[in-house]
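Here come two complexes built around subunit A, the first alongside subunit B, the second alongside subunit C.
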Partner chain A sequence: MSGLSGTVVAEKLPTAPVPAPRRGSFLPPFRWIFPATTLGLILFIILPPITLLSLSVNDRFDLVWGIFPAGVSFDLYRESGPAILRSVAHSMRIAVPTVILSFLVGLPVAYALVRLRFPGRGLLAELVNLPLVFPPIVLAFGLMQMFKQGPFAGVSPWVAIVLGHTIVSLPFMIQPIIAALQRVDIAVEDAARSLGASPLRAFLTTVLPIIVPSVLTGVALVFARSISDFEITLLLTTPEISTMPIAIYQAFESGSTRLGAAVAMATNLFAVGVIVILEVAVRRVRWW
Partner chain B sequence: MQKSGLIRRETWLAWLLVAPFALMLLGLLVAPFLSIALKSLSGSATFGLPFLGGADGLADMQPTARHYVSILTEPHNQAVILNTLGISAVVASLLTVIGVGTGYFMARNRALAPTISAIVTYPSLAPAVTIIFGILWFMSPTGPINHILFHQLEWIDEPLEFSGTFMAIVIGDLALFATLAVRMMASLFEMIDPALEDASSSLGATERETFFNVLLPLAAPGLAAVWVFIFIRTMVAYVAALVLGGGAKGIVVLPLEIFTRIQSLGISGTMAQICAFAVVLSIITLAGRAIYLVIVRRAFRDRLKGEIL
Partner chain C sequence: MVNASDLSIQSVTKSFGPNTVLDGISIDVRPGEFMTFLGPSGCGKTTLLRMVGGFGEPDSGRILLAGRDITHLPPNQRDCGFVFQSYALFPHMTVRANVAYGLKLRKLPAAEIESRVATVLSMVGLEAFADRHPKQLSGGQQQRVAIARAIAIRPSLLLMDEPLSNLDAKLRERIRFELRALQKQLGITTVFVTHDQEEAMAVSDRIVVMNKGHIEQIGTPAEIYGEPASLFVADFVGVNNLVPGKVREARGRTVMVETAAGLLEASHRSSSTGENVQLALRPEMITLVPAGQPASAMGGELEGTVRMAAFLGAATRYEVQVSDEVVLKVAAPAGSPPHALGSRVLCRWPVESAHALRA
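Showing the complex of A and B:
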């Protein structure tokens, strides 16, 4: 991509007079296309959730202009409080083990890919991203067969969901750690080992503290992937398990749009809040 | 001798470190998929997957390709495949265009970029179901679009029917994958030196000419990569189709067809037919991934690694 760098070319070019703007066109200036597209996209992204928020706090079904609440009431949040808390607890019961398992499995893979040379390394580097593109419905179908009728038929559905989430989340943990390890000088680790530290101790005391921000980024990404997962959970879940996306889906499917909106907004607030806190933590740790 | 011993030791250590991942991938993804592929070629009508709790062994396979033939020949199945490819192509094309507009604006406006990025990232943080239900309500007969067009302005005689249409799923998927497209495009345009635009302008080219004759040709391989990436991500997603597709009589896409058939397994359809659908979807997706990797490697030599996975 050497052609992308045009600094040298620009320096040698003679300065030509800027042509006068063409008159007579009714079209807006070309440069307006970019902010206009951006504004359109932003409205497209924020208006539907704002409408759902209005619906969840409106004291009746109809909204003013279909967007704004006529009167504010938090009754729906009070009514659906236990269901919301239950879905948050269920999501956390799946997301936390998923994050821990992804870290324990992903960290050694990232380390091996960056630091070690071994036969099959290229293939493994490709396979790391396979769960990212593999159709979730096919993955969930295979897991459903294994855990409902197959060799793991007696295993708890919680375990099946955690394993399903872990498989699809692993690339989100492995990639940031790979990027961080590539920036850490191997001499740091070698120095610790030359002073008598075991390989594990050298890694834990010299490398791990440096890559903590990237590990936290991985944690945030895996957490976000897990708590927002709907497609895998829907096939593996049982009536007793109601994660946040499943609770939202069930509330809307039951025909209660306003209740669904309240559950959706409360769970959204929780999901986005936790991820923002993790992001802030990453920035703090980087700065420190 | 000492060197080969060290290499052997490093190999052992590496495989010891990656063993849990390799086992998980083999046991939970590769093995079930191979079993699904085997079942898709079986004429047996039994439930369960071969070697994973199903009654079939290799001897009971009764090999046949009729499940694949039915995917290609039955009108309903053909419609499902065409809908899937059509929706994915339209979403990928629209997001490529939108991504160019927003991504370029973000790349050249460093002050506004973080704010835009934060807003655009929202759909990837919130549960997809929320985004899709938000759109469902927004376009519903009582939502703001119909409220303004029908009640306030009286431009239409009856509320627009949105649910169950091709465009409904396209709009849902646009919302879900806008984050990916915009962030990838922003990274792409950040790689292109603004000095090239200055050089083009100083030679007398208009903004339009600079954009179409200088920037777009430079970004073309990246645009192709983003298009393929969004295409394969849209192909495997079914939340938008599930909520906005209008049910079995509406618009059905391949992953939703698989989901619906799994739900009705035992009432109608066969396990082997579901497996054939699953294999077709996986093969198209993995082929798309391979094309994407070829484009990225040839054009960027892995410079986009990290942002575009």
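Showing the complex of A and C:
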């Protein structure tokens, strides 16, 4: 068949007019498809929270016209205010130690993976990413058993939850730091050493300041992962601990979709606020 | 400055796994001397220099700085300024802060830090750039900051690993001379690493030619240039006439070598009768004269035919067929009378510029 089309082309060639250059071929790929996909993306990111918002403030709700306000009232927020504040506080009491612990564990691990050669390095590199591919519920189930019996029995549920969150959050701290360290000239540390700095001092005064933006990216990601966690918290929690996702779940469980929506909206607002602040911080500290 | 120290590297050996990277290296650097480690990539220059700076310990051997054994001291206790190939400037600090870094660690009073930073920045001509970040400087300027930062701490030893290799050719040549002048002005003992023989010749008091982890020759640029001690050195420093032969007879300082182009006299170090050698002769040491002139009283002389002539501006390169198997490359300085292709010429050279090197 290719032979046939070959002869056809060959016969036509002498008489074929010179084809006009096609202007479209100069344009980059995806030029026509990307506005549509972007619009779709925006809609599907923005619709769920809008739906929840409308659900939480309207006294009447139907799926078709629900996003338009009718009889707006903030009663539900007022009612569930204390519960919302409590869940925000609980989430923070878990997220903040999780971020700190992830940093303290993640920084040396990332440094070792990038700068040191040791037996088992390849294995460790795979291991730190494992929580990303593990279904969280499996991990949570395992952790629950560990803290219920065995050597960890009797550990405070707060501690258990922070440990669980740290394990699943570590890749989010380690990966940005690894990427940043790979971009830092190894000789920078050597230079500091030759100028008189001890190993730790050389790291703290030269490498760490350079990678701060990536550390903050890690902080934002770990924070987001921790405050949005459901499975791990659910399986390790006790009735007195109610993080934001747990509170939302409990509100829905209590039979009130609209109450659940109110709690969800309030906590969502808080989470987005914190992440935005961190994002701004990341941008600010790129000082050179 | 008067704190020039001598450096003594004694029988240093280093292996990485099965490969021996440094094989019993001994070098003595005199106070205030500009010493260069010259050799091809992978010969162990960086490994040796880093060891002097405290980055890595030898498997055996010692390193003494001003008589003190520093073999096992960490870099921050050695008092060596180090200039890295990549400059390794601190990107988040201004030029001023980069230079002041070592001084702050020494807990000097703020006023003294300020005046010392100003002094070294003016030495390298960067006073006007003190408040810039490294990213805002050209490659040459970054290079100067790296040097300023290293000398600001007034080290007893300045170590530089191919500091000019990331610069373009013109800038490289200029900074070469500035570096040399600065080093002499400070009188600081300096070890410089390069794979560029021309650069080594231009800056050094003495040169260590290294090959595969051992030393081929230590000598002044003139010695390395004029009297290469081995075939490797001759080849590496650009001697490109190598004529194989056999030693017929040794006569004290010179030997007679039987080559395909006849019996030739050459200077030697330790050749003995019957040994296979290569006769090394620099193209620029050969003078061309038209054939038929009276024989010269001293030196080597071979008659041949001009096979190739290329005008290169500063010199004209010829290739002269002096026997069936031997072609001599000749570099004639600008202004010397030209020789046409195919013409018969005499190649003449002083005996001491021909070297019989063990093959």
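As a convention for this text, the second predicted complex is superposed on the first by the 243 of 288 C-alpha atoms of A that agree within 3 Å, B and C clash if a C-alpha of one lies under 4 Å from a C-alpha of the other, contacts with A are read in each partner's own complex, and residues count from 1 in each chain.
In this section, a residue touches a chain if its C-beta (ideal position, glycine included) is under 8 Å from a C-beta of that chain, and two chains touch if they have at least 3 such contacts.
These figures come from a predicted structure and were not determined experimentally.
S.K.: Using the superposition described at the top, determine whether subunit B or subunit C touches more residues of subunit A.
M.R.: Comparing touch counts on subunit A for subunit B and subunit C gives B.
S.K.: Taking the superposition on A as described, I'd like to know which of subunit B and subunit C A:196 touches: first, second, both or neither.
M.R.: After superposing on A, A:196 lies in contact with subunit C but is clear of subunit B.
S.K.: Would you check which partner chain A:185 touches, where first means subunit B only, second means subunit C only, and both and neither mean what they say?
M.R.: It touches subunit C, and subunit B stays clear.
S.K.: Looking at the overlay, does A:206 come into contact with subunit B only (first), subunit C only (second), both, or neither?
M.R.: A:206 sits against subunit C, while subunit B stays out of touch.
S.K.: On the A-aligned overlay, A:45 touches which partner chain: subunit B = first, subunit C = second, or both, or neither?
M.R.: first
S.K.: Does the superposition put A:122 against subunit B (first), subunit C (second), both, or neither?
M.R.: So A:122 meets neither subunit B nor subunit C here.
S.K.: Using the superposition on chain A described above, determine whether A:105 touches subunit B (first), subunit C (second), both, or neither.
M.R.: first
S.K.: Of the two partner chains, subunit B (first) and subunit C (second), which one does A:171 touch, if any: first, second, both, or neither?
M.R.: A:171: touches subunit B, not subunit C.
S.K.: Do subunit B and subunit C land on any of the same subunit A residues, and which?
M.R.: none
S.K.: State the interface residues of subunit B toward subunit A in the complex, per the touch definition above.
M.R.: So the residues of subunit B touching subunit A come out as 7, 10-11, 13-15, 17-18, 20-22, 24-25, 28-29, 32-33, 35-36, 47-49, 52-54, 98, 101-102, 104-106, 108, 116, 119-120, 122-131, 133-138, 142-148, 152, 174-175, 178, 182, 191-193, 195-196, 198-199, 201-204, 206-208, 211, 218, 232-233, 235-239, 243, 255, 258-259, 262, 274, 278, 281-282, 285-286, 288-289, 299-301, 303, 306, 309.
S.K.: Report the residues of subunit A in contact with subunit B in the complex, numbered from low to high.
M.R.: 1, 3-7, 9-10, 13, 15-19, 22, 29-31, 33-38, 40-42, 44-49, 51-52, 55, 61-63, 65-67, 104-106, 108-109, 111-112, 116-121, 124, 127-139, 141-146, 149-151, 153, 163-164, 166-167, 170-171, 175, 179, 224, 227-228, 230-231, 234-235, 244-245, 248-249, 252, 257, 260-261, 264-265, 267-268, 271-272, 275
S.K.: Under the definition above, what is the set of subunit A residues touching subunit C in their complex?
M.R.: Residues 185, 187-188, 190-199, 201-202, 205-206, 209-210, 287-288 of subunit A touch subunit C in their complex.
S.K.: Where on subunit C does subunit A make contact in their complex?
M.R.: 53-55, 74-76, 78, 80-82, 84-86, 88-92, 101-102, 105-106, 133, 135, 146, 149-150, 153
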